[in-house]
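Going by the order they are written in, the chains are A, B and C; count residues from 1 in each one.
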């Protein structure tokens, strides 16, 4: 087989997936569980009924939004680990807007629309903070972002137990749920909101177009691959890096807004549900391609939903999904390295 | 000094010990030119695994060894993928940070809230009777004493010995170390794995000593590894400064808890994060002198002011090993 | 030690870097190795010093065949090499650099090492402070440190790769003196250079390399034409001097003062006329790069004005300077000039300011192909820049220059290129001058500075000379100024 061919690359991808499955099986055996049974429950749990598939889509929407945003920062060569906090702040801003406007007499549709916009703004502001720290303060975005993630969690908890606490005493279960008319409408008796689905699909398409054949996309790539040279060629690199953070923050904020308006209908302590970190894993796998990002995000969402079955059926912790997702990315990275070593290509 | 405060501060030293191990481990790894970002997951995984082994065997020693071994293993993956396979250290480290965390929660499920053995303090005769210092430093458990040795030993090794000189050399300019006879990649493997083992020890230090037991997601360990990484930078890649950074960080957390009693309406989780904005601020102070706009703003200032401020910034600045994160190839 | 190399072959991919090299170097002599960049000199030396291994061939030391697989092996056999860019540790102290790599116990014997260091310094007349940080030393001093370090480790063969690049005339004199002393002490010296003058003034014997082959060995008295003939295969005549300057002033510097962490430049006044070429000479790190960066707005001056086309640009940033037709071309092509991972076409698109949202791939490809033809770039519009050779990368950088331009600022425009590429690059730059673009460039090659500049500014420790007319300045005069001599009349 030709060593440089596409099929050679695919072979190694396949090998990586196989290794990830083997690794997951090993972990399951360590937990004294039957791997085949566990995998079966994963699949059934994700695709067994129409309702389950719709649940996967519910999980896909925020993940796809976060991943779409991360493609901007990845393209610009930035590790936006602060994405978790950006989702959280999006949710906080959305909640704030809903609380502010819920008794204003405006039509509910408008209130929800404004609240989602507020979410986008919240995420973008929080991301810009990471950007400012990185670009104007020299603070590595990994550490600036991580610090702000912890701060965002503290803000959420303070709000839930302080100013926004439920009547009586605050609790970890979150703020008082919003009334029905402030929920994004759902499909039939499922949990899926068509509006949020549309939002995610539009987001993916937009990112695909922007990064594909536009001056914006090319300049962003130039900044990511060699910021110094891009600067000397005339690209305003600081502005583009800031823009990448800002855009990523918008998408992350939207993900947070969806969590409030279409999933939990209130603010809870871990409102980001780890979609930010998961989005980073997806973005690492897809080589800047938004369409692939959507597909891989769907697979990861399916793992998330499927694993909910495990504690009930097999008394296993649902974090198995995280183990599978992580090992998949790890083995893809490793196999990619092995392939490059074999073909001698850097 | 007030006895309660003294005991509280002794508690700070005990609680900071795992962070000291982790941040010095990471300092050693990064001095060799490798970034191991997996610490957060490693600590959780080794806390769980060390506890599980200790519960099953009844041996604390085996629990700690397990922690070191797993830490070394995770580090070996980072070393292999970055040194041999030339993949991004940040990517692999980050994936491992997430995966090891989930692995800890998944495999640790059966050990959730199980009671197990833990390490008790061993006051040192004579030394423990020194006023103030005795209570503060010498009524601790054996690992705390070990950490004192680690701090001094690591600093001595790094700055006074021949291999320590080479360690600094391979992170600074691997090609120059290579022509001086150092096997750069083998040493990078070695120090990555050694550093990883130290990070790995931090886990059982929690689950078998300071925060005895395993409580899954509410063990309160998620985040420690990231802190240790930040302290490594904050400490300017020096073991002694990293240790002080660790004590300072835990001291702040303790202060938050102490102050909480007078500010009752703030949940403890909020005060617990107080060190994080401070960490960002510290990183800002250390790094801002490198920012382009600062240089430009400085250049426009009158001479004396400029020299004053740039001198100040330079004294704060810490520069990383020049080849941190850069793979080495001879030709 | 007698060194004998027999039938050495080395390939890098398709390039036959060393083709059947056989060379005998007797103990106590200074062997010159002469050749253009890429002739295979450095490759052979890296093989001898264990940095890389030959594909085939033998190395014999004092009659014994040896296998050298690492630099550590080489030094054990007594072979030490000074690399062109000193391979040392700038943030460490001089004495730490001295000790690092010395075999021995866990704790180095510092006091003993300092004593031996001082003795060696004294013996060879070097003035080095063991407690100073290496980053405060000049390249010449770092070389001296390397020499005594290698001798301390027992080197009997010293290889010096282009040691006269970046050091002052005084330091060069000192170096040559030292090398002659070492040869008398029965060490074997291998001196690699592409500078005829250096080789002629020092070596007992010269081996000339061309395209991977050893094409001849010459003994004194040397005939320059013969050496040139051997090096290039044919005599090369660079284009003749032509003044392209106009009376019109493009850029004016008024009382400009600059500083960075290491040096200060004070009160420079200069007028750059349209179409003029100004060369900046000096040891590396004397301030010429700081000055060049200030001309592009990359470094903000402390005081003074930069006036471009009558507009005061002081305090503006690089992109504002670009809008006024000023461009900076860095020396590190793949680090600062081009973007690895992007194609030539993408570079062309990036370098042009076109309105619109979507890239018109068709017209961009056509434009790129036009430039590829015009600049003889061996590659296609879709080629990634890292796949191009050094010369092609440099041509691509020129192809990316916008037009019209007021001023092009170049760092080492022909560094690492063969002589023909260099001549071609300069003919293209001269074309630009005829279109009223001025050029300011840095070079450590005095021939290049004298050949192509109209005026020369010499830098020494942050001091800047008055503009010297190139046509009436000699290499000797320039060398003196670079080395810090004869500045009295300038201050």
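General remarks:
Everything below uses one rule, namely that a contact is a pair of C-beta atoms (placed from the backbone, for glycine too) under 8 Å apart; a residue touches a chain by one contact, two chains touch by 3 or more.
Bear in mind that the values here come from a model prediction, so they are computed numbers and not experimental data.
Chains A-B form the pair joined by the most contacting C-beta pairs. Comparing each chain's Cα centroid with the centroid of every protein Cα atom identifies chain B as the most central.
Look at the CA centroids: the one farthest from the centroid of subunit B belongs to C. In terms of their C-alpha centroids, the spacing between subunit A and subunit C amounts to 48 Å. Centroids of subunit A and subunit B (each the mean of its C-alpha atoms) stand 28 Å apart. A straight line joining the Cα centres of subunit B and subunit C is 42 Å long. Among the residues of subunit A, none is in touch with two or more other chains. On the subunit B side of its complex with subunit C, the touching residues are 160-163, 165-166, 168-169, 172-173, 175-182, 295-296, 299-300, 303, 306, 310, 314, 319, 322, 330-331.
Those residues of subunit A whose C-beta lies close enough to touch subunit B in the complex are 27, 30-31, 79, 81, 133, 135-140, 142-144, 146-148, 150-151, 153-154, 157-158, 161-162, 277, 280-281, 284, 316-317, 319-323, 325-327, 329-330, 333-334, 336-338, 340-341, 346. Contact residues on subunit A toward subunit C in their complex (touch as defined above): 213-216, 218-219, 221-222, 225-226, 228-236. For subunit C in complex with subunit B, the residues that touch the partner chain are 46, 49, 51-52, 70-72, 75, 81, 83, 87-92, 96, 99-108, 258-259, 261, 299-302, 315, 317. Partner subunit A is touched in their complex by these residues of subunit B: 37, 77, 80-81, 84-88, 90-92, 94-96, 98-103, 105-110, 216, 223, 226, 229-230, 233, 265-267, 269-270, 272-273, 276-277, 279-280, 283-284, 287-291, 293.
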